[in-house]
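Okay, so subunit A shows up in both of these, paired with subunit B first and subunit C after.
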Partner chain A sequence: MIAALGLVVGIVLGLIFRPEVPVGLEPYLPIAVVAALDAVFGALRAFLDGIFDDKVFVVSFVSNVVIAAGIVYLGDKLGVGGQLSTGVIVVLGIRIFSNVAAIRRHIFHA
Partner chain B sequence: MTAPSAEHAVGPKRSVPTSVTMPLLTRITQQSLDEDYLHVAERRRTTSGGAAAGRRITAVTVVAVVAFGLLVAVAAVQTSRNATVREESRAVLISRIDDQQKVVRDQHQQIADLTDQNTKAESTYTTMGRQLNQATLREQALAERTGFGPVSGPGVQISVDDAPNSGRSGLVQDDDLAQLLNGLWSAGATAISINGQRVTTRSAPRNSGTVIRINGVSLSAPYVVSALGDNRTLLAKFAETDSGRAFRLLTDTLAMPVTMDNVGHLQIPAAAASLMELRSARSLTGKKPKEDN
Partner chain C sequence: MPDPQTDDHLDEPAEPVDEQAAEPVDEQAAEPADVQSDGAADVQSDDPVDDPADDPAEERPSGRSRLLDALAHPRRGQVLAAVLLAVVGFAAVTQVRTNVDDSTYAGSREQDLIDILSGLAGTTQRAQAQLQDLQETKTRLDSDTSKRQAALQEAQSKVSTLSVLAGLVPVTGPGIKITITEQTGAVKSENFLDLIEELRTNGAEAIAINDKVRVVAQSSFDQGVGGLIVDGKLLTSPYVVTVIGDPAVLESAVTFGRGPADELKDDGADVKVTQEQDLDIHAVRQASDGGS
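This part shows the complex of A and B:
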């Protein structure tokens, strides 16, 4: 409950302040969001499984975001462009889907 | 890629962990939950002996979730902002394309206009060229007839000299030459020269002491008159004209030596251009005749 409130507060803060993202960081933002999404769904599943741990969540959240951004940066520098980011998106997407499937089983018992 | 094949691969080499041999997609699907959660839960179960802490949410978690919300909102805001910018630049580009297309259209119009003008100018040029040709031909014909263009062709040559031993009365006079010229003109001569001086429409032989001047040049006897014309009939016709008869009578009476010859090819030069001065002019519209002198 308090976590859902936190999410709402964060979104509202973002919409109110509309912070200007530096041009240099702009390409990292979308993939960082996907990585964070993966961490959040993982945490939700762990919470429902009864094995949630705040330290693991924060560490996985931060490391996911940093690694995703790092991979995009590396792809830019290597000249492979968006292809490396595509790989990251595919892996994170599959994880999000299976996590969401597990969450669904918990909620609907199906 | 399927589960049975994965198990099959694991079979012969038991020392290799499954995480190494498992196909990538299967592994991603099976380990979608961070293994750390399982490890920590395992450790907690062994140390404290209970799983009670599994659903405890701390301030750190809330902060991370707030950060996540912030991230999502910022990404969304940024995307929509970029979309606006892109839309604006698109509109600017489209308006620039329109402007340039208008310019191109104008220039096409200009090309068409210029081509039109070109065609008109070309047809004018052709007309003018034709007129120029006609004028040149006319000028040439007029120059030959009036004596300001050189001509050549068959003709006759008549030479007349002062009568020997008869004093001043035996000299060839301007009137005598005028008789000769008039006779030749009447007989159909087209061009005449005296001693190389072309007789133009404005030339007339004039006495000047003992010499005769024509075209402002003094000539002396013997006078050789070259006349262009049909040399089969010219001399005969000349003899039949009044002037021809009078000339014959005169030269016979005064015993002036006269020779007449048919010449196959005569060259008659043009008169000096300085003789060609404007005496009268008429405007092309033909309204106001204007006399020069």
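This part shows the complex of A and C:
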């Protein structure tokens, strides 16, 4: 319950404050959001599996975001930023799909 | 359970939540009271993700009930998850908003910008080539038009000259007026024709007799009863010949020694020549007359 409220609070805060994204971070924010979503779905799946641990959640969340943004940053430095960010999105998308499939099995038994 | 179930379970362990699945088992075992409480902890400890096909009937209700339980009874442990979810929500909303109103290229990568720029440069080049082509076409058409206009003007001036010569329009200008009055004899048509020929040779632009008959290239002269028949019309003395042209030249053409004036005088007529600066010839021929 508190977690769902946290999500709602974050969305509302984003709508209220309308923060400006620094130009330097602009290419990395979408990747970071997708990586964080992957961590969130992974956590939800682990919770439903009964193996959720908040320490692990925090670590996976932060490392997901940092690694995803870092890979894209590295790609930008190497001149393949566009392709590498596509690759990261694809990998994270696959993971999110498999996590959601597991969550679906838990909740809907289907 | 049917086949799809086992299929799903086959790929489930293949894609485990790495960070979550690898460690939690021992973390959870170390301090289970941290997260879970009652029966859920039991199930989870002896039935981890690694072998879910073991006892699915036992596992599934526990997952759902755990979720419902967590929604129903907020615990202190959820605060951390709430904070992270808030961060995700905040970032997602920010990104969506940035994406929506980012009509400029501020967030684009260097390489993307270079691509866009080179694309625009190519477009500009093509547009300029097109512009050049069109300007050349315009120049060509302009010169065509001016040539055509010059030709048209020339043709129009030729038309006005020719219509004066053909006697189709009234004419105004300097010239001479010759008055021939029969006194002792009738004027012979050949002498009259000599006069007309002499006038033509000396640059007469338009000739009219008695302001009735316009003399042109096809005009005919014949001897008639009591006068001359010019172009089928009977003209009687006095004959007034109005001529447009250079007055001095025309007068000398009529009055030189043994010229037309003397011949007419021999016929027994009186000839008077006057120079005029402003003569009008109203007599015109119909266009159909000229053709015949």
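Rule of thumb we're sticking to: the second predicted complex is superposed on the first by the 110 of 110 C-alpha atoms of A that agree within 3 Å, B and C clash if a C-alpha of one lies under 4 Å from a C-alpha of the other, contacts with A are read in each partner's own complex, and residues count from 1 in each chain.
The rule we apply is simple: contacts are C-beta pairs under 8 Å (C-beta built on N, C-alpha and C of every residue); 3 or more make two chains touch, one makes a residue touch a chain.
What you see is a predicted model, and the numbers here were worked out from it, not measured in a lab.
Residue contacts after overlaying the shared chain place A:46 against subunit B and subunit C alike.
Of the two partner chains, both subunit B and subunit C are touched by A:59.
Contact with subunit C, but none with subunit B, is seen for A:79 once the two complexes are overlaid on the shared chain. By the touch criterion defined above, A:2 lies against subunit B and subunit C together after alignment on the C-alpha atoms of chain A. Of the two partner chains placed around the shared chain by superposition, subunit B and subunit C are both touched by A:14. Within the superposed three-chain model, A:23 lies in touch with subunit C and out of touch with subunit B [touch as defined at top].
According to the touch criterion, the shared surface of subunit A, contacted by subunit B in one complex and subunit C in the other, consists of residues 2-3, 6-11, 13-15, 18-19, 21, 26, 29-30, 32-33, 36-37, 39-40, 42-43, 45-47, 49-61, 94-95, 98-99, 102.
Put simply, subunit A touches subunit B in their complex at residues 2-3, 6-15, 18-19, 21, 26, 29-30, 32-33, 36-37, 39-40, 42-43, 45-47, 49-62, 65, 91, 94-99, 102. On the side of subunit A, the complex with subunit C involves touching residues 1-11, 13-15, 18-19, 21, 23, 26-27, 29-30, 32-33, 36-37, 39-40, 42-43, 45-61, 63-64, 76, 79, 81-82, 94-95, 98-99, 101-102, 105-107, 109. The residues of subunit C lying in touch with subunit A in their complex are 8, 11-12, 15, 17-21, 23-25, 27-28, 34-36, 40-41, 43-44, 47-49, 60, 62-64, 66-67, 70-75, 77-95, 97-99, 106-107, 109-112. Those residues of subunit B whose C-beta lies close enough to touch subunit A in the complex are 25, 28-29, 32-34, 36-38, 40-41, 44, 51, 53-58, 60-79, 82.
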